[in-house]
Structures are given as C-alpha cells and as structure tokens.
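Shared chain: subunit A. Partners: subunit B in the first complex, subunit C in the second.
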Partner chain A sequence: MIAGLIETLFQGITLGGLYGMIGVGLALNFGILRVVNLAQGELITIGAFLAVGLVALAPGLSFAAVLVGAFAGCALIGAAMQAAAIERAMAFRDPMVPMLVTFGLAVILRNLLVETMGADLRGLDVGGLGQARIDIAGLSLGVLPLVTLAIALAAFGGLAALIYRTAFGRQVRALSDRPDIAALMGVRVRRVHTLVAALSAGLAAIAGVLLAMRASVSPFSGVAHLLVAFEVVVLGGLGSIRGALGAGMLLGLTQVVSSRFDGNAGLLYVHLVFFAVLVFRAMTGRLS
Partner chain B sequence: MTTALRIDALSAWHGAFRALSDVSLTLEAGRVLALVGANGAGKSTLLGLLTGRVPGWTGKVEVNGTALPPGDPRAASALGLALVPEGRLLFDSLSVEENLLIGGGGGRPGPWDVASVYRLFQILREKRHQRPSTMSGGQQQMLAIGRALMSNPSILLCDEISLGLSPPVVAEVYAALAEVRGQGTAMVIVDQDIARVCATADEVACLFKGRISHRGPARGTTPQSIREAYFGVAA
Partner chain C sequence: MSGHGKPMVLNRRGVLRSGAAASVGLFAPAIARAAGSTIKIGYIGSLSGIRAAFGETESWTIEKIRAHLAAGLDHGGRHYDVELVIRDNQSDIARSATVAQELVLRERCNLVLVQDGAGAIAIGELADARGVPTISTMLPWQGWMFPRGGNPGQGFPYTFHFFAGSDTVLTNFVQMFDMLETNKKVGTLYLDNPAGQGLMHPEVGLPAALAAGGYQEITAGQFQEATNDFSAAIAQFRDAGTDILSGFMYPNHFIPFWNQAAQAGLTPKACAMAAAFLFPGPLAALGDTADGLATEVWWTPRFPFGSSITGQSAAELAAEWEAETGQQWTQPLGYGHALWEVGLAAIARSADPLDPEALRDAIAGLSTETVVGPVNFAQSPVKNVAITGLVGGQWRRLGGSHPYELQVVNNATMPAIPLDAEMVPLGGA
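Moving on, here comes the complex of A and B:
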C-alpha cells in the first residue's frame, strides 16, 4: 500500500519534471524576451524528431550525443527564427505582433515536419530500458522514469546556474528588467535575445527527446505540448524557472494520481486543477 | 585642457515636437556643469540623446574628440559616457553587487571597480547581497552612481540627482560626487535644487524651451539669477 503510494508519487514527479521541461522554454522566452512563442510546441516536436532521425542515421550513437545533437539542432532553429523574424517583430510596441509571427512560424514548421517526416507517429526506441526496473530501498522503480527525472532536474539545475550564477545570466536578467539601461551598460541586446531564444529552443528539444522516449510524437503533437506549456507557465509565474518546475510537478502529480481513480481521464483533471488554481487566484485577487 | 564634451548646433525631436533647438555647449575634462531648467525644458532629452536613448537629433556631438553616433547606447558607453538616470532605474532582479558588475561590463580601464565603489559607498558593501528595492532611496541613488562609475566614464551624467532624497542624504550624495570629481571625471548634473548644484559645479547652463538661455560660472548663481535668465529680465 505504502509502496504503491510512493510509486505513484514517483511517477507523478517524473511526469512533473517532464511537464516542467515542456513549460520552462516558454517561461524563459516570455520572461526575458516578452515574446509568447507559439512555436514552442513545434520546437518540442522537432527536438523529438531530430533525436529519432539521429538514431536512425547513426544507430551506434550514445544517448548523450543524441540529446546534445537534438539540443544543438533546435537551438540553431530557435536562434535563426529570433534573428531573422522575431527580433524585427519585437520593434513594434504591440506584443501581439511577435506573437503572431511565432504563430506563423509554428504553421511553417509543422508543415515542414509533415512534408519531410510524414504524418506518422514516431517514438525513440529505448530498447529494454522501457521495462527495466531498479530496486532502491525496497522500492521497485522504472529506470526510464528515473532517467527522465534525472535529465529534467539536471536541465533545470543547469539553467538556474546559468541564469543566476554567470555573467551571461546577469546580462539576461538585467535585459529582462530594463532593456534600455542594460544597453547603456554595454549589454549586446540582440545577441542576448538570440542566445536566449536558442536556449529556449534547446530546452524544448530536451523535452521533446524525453517525450519521445516514453510515448510517440507526430508532427501534429505541438499544439498539445503548447497547451501543457501554457498551463505550466501560467501556474508557475511568467518567466519563473523554479515556478515552472513546481507547476510541472503539480500537474504531473495530478495526472498520475487521477489516472489511478479514472483510467480514461487523460488530461481532464490536469486542466481542472489548472482551472481551480486560476479561480482561487482570481478570488484572492492574485491573478496577475 | 582637453575638451571632454563638445556639442554643436544640436537639435532634437520627439516626433514632431522640437525638444532642443540649436544647443551648443562645451565641457572641459574634469569640470562639472550644472544643467538647470524647468520641466520640459529639454534637460532629460539632452542626457537621453547623449546616452543613445533619444535617436532623433541633428548637429554634432563629440566625446573626447570622437563623434557620437545617434541612438547607440553601447557606443555612448564605450566613448566614456555614463548615466545616473532619473528615478535610478536599477536592476531589481540583480543583487546590489550584480548591479555594479553589470555596470562594469563595458571594460573601460580606470580607477573604478567594485572595491573602490564600496570604499566610496560603504553601505553598499554591507548590502551587497540584497535586492536594490530593499534599500532606502538614498542607498539606491548611491548604487545608481556606483553602477555608472563602474564603466569608468570620462563624463558622468546625473539626472535629477537629489529628487526624492532627504537633505542629509543629498549632502552625502554630493560629497561622494566631489570625490568622484577628484578622480578627474567630468560631470553634467541636473538638479531642481539650484543652490545645491551650483555650489558643486564649475559652470551652469540654463535650458529654457529647448534653448540655452544662460551660460556662465556656477559661483554666485542663485535661484534668483536663474529666474531672471529664464524670463529674460535684467538683473
């Protein structure tokens, strides 16, 4: 009974780490660039397909190399989108303009994916890892969820260290606070924007790889990912890294626990919890 | 004596509104200029264009003999201009020390680093791990000055330096500026407290509706003489 409960919690935390990863790129992009990137879901999908493609091309590649490759590929796409299109749209005062640009980019990316990869579902073959279990302190835990959780936590830890402990992170936070004053301090505004967009896209790729290891993705999965990402960002606080992890955990735990009682619920209770938190915040006047 | 700042036939626009008309000014190295004038006279516009934040201007601006390109804050910083902005505009996502570090990002050599700013404002060392918003207004102003000094400017621009500060704090801030000046840094100080700023400055320039209406030594300048300059009434 206790063991079952702990295992449920473990699964919830694992899924939560994944949800946090899905949301954190969006949170970062919004927090620093003030751009709601509607292409984030597509970037997650592209990350997954890049990993699938890398494994197909070079079956002997280590998992770490696949992860790095997907990260780098998506980061390049993210940087290119920022430099070529989104940065220009940001010159308009209306935040709607860059958001619409990312919507257009999302449509383009989605159709490019269908064109090149077909509409089939793909997954990352993890071999026996999917069924492998390991005993820790009398508990039998899945290796794949452990790996997922470890990668998600490492990514969060690395991101927090980058943003809060390095000179680059200092520039990023200063730019987020007051772009004009930061520029006066010698911060290269466009360069930092492009790097942040690359980082967000790279985080999306990690989320995509983790997703592809546990389930299949199709070129049309992006919208579903974006919905989860939005819930994570809104619950966790716009631009908050720690908040994204916490919100991901809440939603992941909700999904796993609710599936124990109602196997067909899917994301229903996740959305309900999201809704309930929003209603609670509205009633207590802490909506923004 | 070398010229730190030379402004020639400068006009600036905010859209269709002409904020500055044919302004010419020079500031020798290490000298302090008090820039006074009513709200809307163009003081903040002048500081804004010197720091690349107001792009729409014509005329010529030279900093230590090099032409200043319009609308380029990084170039302004690299040429040796640093701003203590009105309202301080600190980075509240950064600690006090990080605010200083980011101020020194331009990499100009000079006497100012974190240690020397802490010597000037010892309270900042005590609060170095705090967020700026947890400090008093005076401490925030000291941080804003320290952040600007970190770039080792040849000209320090101070906008509304004593706004919202209590008299003892204003005295402390001016005492610090006197020390900064001792390092050979030229300054342009905008302040509503004309008597106070003129007691520190070498020269005074008065802006009236975007034009320089009065220019002279700061010594002996009183609110009364400025008022006469504003309204064009002979003393």
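Moving on, here comes the complex of A and C:
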C-alpha cells in the first residue's frame, strides 16, 4: 500500500517535471517579453522532430548531442521569429497584436511541419533505457522517468542560475521590471529580447525531446502541449520560473493520482484543479 | 459479358461466373454520370497520421495498380480509360469527411475504394445518399456496420465492406492463451474510440470471450487517445498478478505502455493487444522484449492464395515489395492489393461500369478469389459485407533478415492457412 503510494508519487513528480518543462518556456517569454507566445506548442513539437531527424541522420550521435542540437535548432527558429515578426508587433501598445502574430506563426509552423514531415506520429527510440528500472526496498522505479526529471531539474537550475546569477540575467530582469530605465542604462533591448526568445524556444525543444522519449508526437500535438503550458504558467504565477516547476508537479501529480480512480479521465482532473485554483484566487483577489 | 467476345484483363473466374447476372443487367437503364467513357475510381487511405502504418504499403500498391490500368480497361466490347483519384485522409475523421465530399460531389467518382475505417465511416452516408458504389476494408466489419447504425439483415444501399470480424479476433486471442500454462488472469485496457468500445462490449466483446474461455478479466477500462502515462493500470495488473495482458491500443500507446510495464516490474506470460503490434516497425523499438507478442493475423505471405490482377502468389507479392522497397512486408500489403482486386472484379462483372446501380448489383453478387482468400458478398450472412478469414500469430526473433518475423500459431478459425510455429510464452521458449 505504502509502496504503491510512493510509486504513484514518483510517477506524478516525474510527469510533473515534464509538464514544468513544457510550461517554463512560455513562462519565461511572458515574464520577460510580456508576450503570450501561442507558437510555444509548435516549438515543442519542432524540438521533438529535430531530435528524431538528428537521430535518423546520424544514428551514432550521443544523447547529449541530440539534446543540444534540438535546443540550438529551436533557439534559432525562436530568435528568427522574434527578430523578424514579434519584435515589430511589440511596438504596438496593445498586447493583442504580438499574441495574434504568434498565433499566425503557430499556424504557419504547424502546416510547414505537416507539409515537410507528414502527419505521422514520431517517437525517439531510447533502446534499453525505456524499460530499465531500479528496485529499492520493494519499489520499482523507472529509469527513463528519473532521467526525464533530472534533465528537467537541470534545465530549471540552469535557467535560474542564468537569470539570477549572471550579468545577462541582471539585464533581463531589469528589462522585465522597468524596460524604459533599463534602456536608458544601456541595455540593448532588442538583443536581449531576441536572446530571451531563443532561450524560451530552446527550452521548448528540451520539453519536446523528453516527450518524444516517453511517447510520441505528431505535428498536431502542439495545441495540446500549449494547453498544458498555459495551465502551468497561470498556476505558477504569470512569468514565475520557480512557480512553473511547482505548478507542473501539481498537474502531474493530479493526473497520475486521478487516473488511479478514473482511468479514462485523461486530463479532466488536471483541468479541474486548474479551474479550482483560479476560482480560489479570484475569490481572494489574487488573480495575477 | 463473357459472351461479348473480348477477354477481360480482370478476374476471369469472377467474370465467367457472373455472366448470367450481367446479361440481365444489360437491359437495366444505363445512366452514365461521367462524360465520355472514363471510369473514375476514387480512393481514400490512411497514407499518413495515426494509422500511417496501415497505409505504409499503399502508395507502392497504388503505383502497381496505376501501371496495370494505364492502358485502360476493355469491358463488354468497349474501351474505357481509367482515372484514379487518390486521397490521403491523414487517419483523421474531419479530413475523411472533406475528402469524401471531394470524391463524391466534386470528382463524381464511379467507384470509391476505401482502405481506412474512419474514411469508410465518413463516406458511408454520403455515398449511400448520392448513389456512389463504395467498397471498404481494413476494419472489422462490426466496427464498420454498427457505428453507422446498420444491421446485418438490412445492409446499406451502396456501401460494401470486406474484412474479418472482431469476434474472430477474440476467438483467436482466447485460443492462443489456451495454448499456454497461465493463472488465467487477464489484465485488459482499451483505447476510448469506436473500435476500442466495440472490443470492450460486455456481451459480444473481449469480456464475454474471456469469460467463456474460463478467464478472469481484471480491467483498467478505457483510456484517452492522448494518454502517455499508464502507471495506474499497470499497478492494478501487477497487484492482481495477471499472467496475460490484452485489449486494444495503437503502437504509439503500446510503446510507452510496454516500457512502463517493464519499469514497474510487470512480467506477463502472454500479451495479445489488438491493433498494437500488427506491424514490425514499432517492435524494433522494444528491443528483445517483443519476442512472443501475440496478434491477430489477417494475411501473411504464407497464405495459399494468389492475386487475380497480377497472378502473383502471396509470397511473390511480398517478395516484390521487399525487393523494391527494402522493407519488411506488412499485413495491409495483402488487403491493400485485394481492395483493388475486388473493385476491378466488380467492374468486370457489372453490366455497365458507369451505371451506379449496375455496379452496385455487381458488388452485391460478387464472389471472387483474391490474394487474401475468398471474398464473397453473394453468399454472406451479413448484407453488404464479405467476411474474410483471420488467424492468430506471434512475433518471434528468429535471427533472419528482419528483427521479428510473424509466425502463425493458431489456424482453428481458418484451417486453409498452414501453421508456422507453436505458441511460446513471452521472451521465447
């Protein structure tokens, strides 16, 4: 009984790490750039497809190289999107404009992906790792979920160190708090914006790789990812990185625990928890 | 038609047999819907999307058929050009409806062949209403007839289907489980879609078949299409000590399911999951642990039948595919080919291929031999359906040119098919 409970918690926390990863790019983008990037789901999908493509092209590539390759590829796409389109849209005072631009970009990316890769589902073959397990005191813990969690935690740790411990991070935070004063102090606004967009797209790619290792992705799965990402960002407090990890854990635990009682619920209870938290916040007047 | 001189390039046996019926049909009013003498054959298949594995061989098959029909058809002393209108439904219901409208309303096809279940259900009502003869396959016939609100006594006006029944799949599963020494506890879970719901039906589905065979079912019920975490179901099976796993899911569910089962230390003796590992591709991703997975088998190159179009045996057809593509054969290779065999045989025995009613009557009275075996609409207990045979098999690591080979281990439901091997527990003998 206790063992079953611990295993459930383990599954929930590892899935939560993945959900946190799905949300963190969106949180970063919103927190710093004040842009709701509706193309985040597509970037996650593209990250997964990049990894699958890399493995197909160079089968001997190490996992770290695949991860870096997917990160770099997506970061380039994110930076290009920011520099070419979103930055200009941000000049409008209305936040709807950049959001609509990202919506358009999402549609374009999705259809490009269908055109070039087809509508098939793809997964990342991880060999024996997929079934490996560790037995501790009567518990069976999967190695793949552990690896997923470790990568997610490392990504969160790295991101926190970058934002709170480096000169670049100081510029980013300054820009986020008072963009006008930061610009006066010599922060190169556009450059920082582009780098943040690249970073958030790169984080989406890592989430995509982790997803493809666990199950499979299709060009159409971006929308489902975006929904999870949204819930993570809103639950975690808009733009909060640490909050995103906590919110991911809460949603992951909710999904795994609820499936014990109702196997066909899917993400229903996840959405219900999200809804309940929002209602609670609205009642206590802490919506944002 | 056999009396009209020119020999058919199609199915000679079917043509000869149908001679009498066709000459009656000659006097039926012929309303040619397409201008000139072009027979327009529409096609809907899952060339991409979640069932892309079912359509993997289709483009190759279509190219062969296109070459075969390049010079057109001679029928009843007349020459017809044949135009193929090929559409990919991306395994998607909404997209199926779009392409169905295209083929029926815009392209005004004389005959539509459908290789995908969602595609067949999407086009059904439209084709019946507009009078477009349609033949579909690759879905257990119950899954085609009942979701459309049909019944075996009544059938449908213009839509036809040939495939095995889901009852035969279940019979094979139980017969294969019977071959092993187990504790008779079966853990089941089902994808929440029409096919999964059909399979978990308490009276005609797997639960009934298992109960009849003396098995105890421990079910985790249904799960959603987007599920990627099966830990709750797996814990339930492990706690119950199930020796056997069964149910319905696609490969993209089975890979995480099987991996997570191994992570949790669940080691069953047998696993037969409908639709999950019909194909060798996903098995390679499972490494050694796929040795002994059991599946329903609709077709293998060892089926003792031949093509009415090319004259090839089943083995020759598979060998040609493997030689030209370098890929292992898959079961839809046979059915994808047979779909065209049935379509062309129907045209051959139709009094007028351009007249929808004549063509409809030709399909209804069709009994022909194909590379998957006999397809008989004429003497079928179920209207508009030709029930084909199905056996049970196991994926085995035999060390040949492919990682896994499909071996027929149970032929009680279709004795014409030779046995390849004996059933062994998971992990090999």
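As a convention for this text, the second predicted complex is superposed on the first by the 285 of 288 C-alpha atoms of A that agree within 3 Å, B and C clash if a C-alpha of one lies under 4 Å from a C-alpha of the other, contacts with A are read in each partner's own complex, and residues count from 1 in each chain.
Criterion: contacts are C-beta pairs under 8 Å (C-beta built on N, C-alpha and C of every residue); 3 or more make two chains touch, one makes a residue touch a chain.
Computed from a prediction, not measured in an experiment: that's the story for all the values here.
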Query: Does the superposition put A:Asn264 against subunit B (first), subunit C (second), both, or neither?
result: second
- prompt: So, A:Arg173: does it touch subunit B (first), subunit C (second), both, or neither?
  reply: first
Query: First (subunit B), second (subunit C), both or neither: which does A:Ala224 touch?
result: second
- prompt: What is the contact status of A:Gln11 with respect to subunit B (first) and subunit C (second): first, second, both, or neither?
  reply: second
Query: Which one hits more subunit A residues, subunit B or subunit C?
result: C
Query: Between subunit B (first) and subunit C (second), which, if any, makes contact with A:Ala132: first, second, both or neither?
result: second
Message: Tell me the contact category for A:Ala183 with respect to subunit B and subunit C: first, second, both or neither.
response: first
Query: Which residues form the common part of the subunit A surface touched by subunit B and by subunit C?
result: none
Query: Mind pulling up the subunit A residues that touch subunit B in the complex?
result: 167, 170-171, 173-174, 176-178, 180-188
- prompt: Inside the complex, what are the residues of subunit B that reach subunit A?
  reply: 51-53, 73-74, 76-78, 82-83, 85, 89, 91-94, 98, 101-103, 105-107, 147, 151
Query: What does subunit A use to touch subunit C in their complex?
result: 4, 7-8, 11, 15, 118-121, 123, 125, 127-128, 130-133, 135, 140-145, 211, 214-216, 218, 221, 224, 255-256, 259-260, 263-267
- prompt: For subunit C, which residues are in contact with subunit A within the complex?
  reply: 48-50, 52, 90-92, 189, 192, 220-224, 226-229, 231-233, 235, 239, 252-253, 255-256, 258-260, 262-265, 284-287, 289
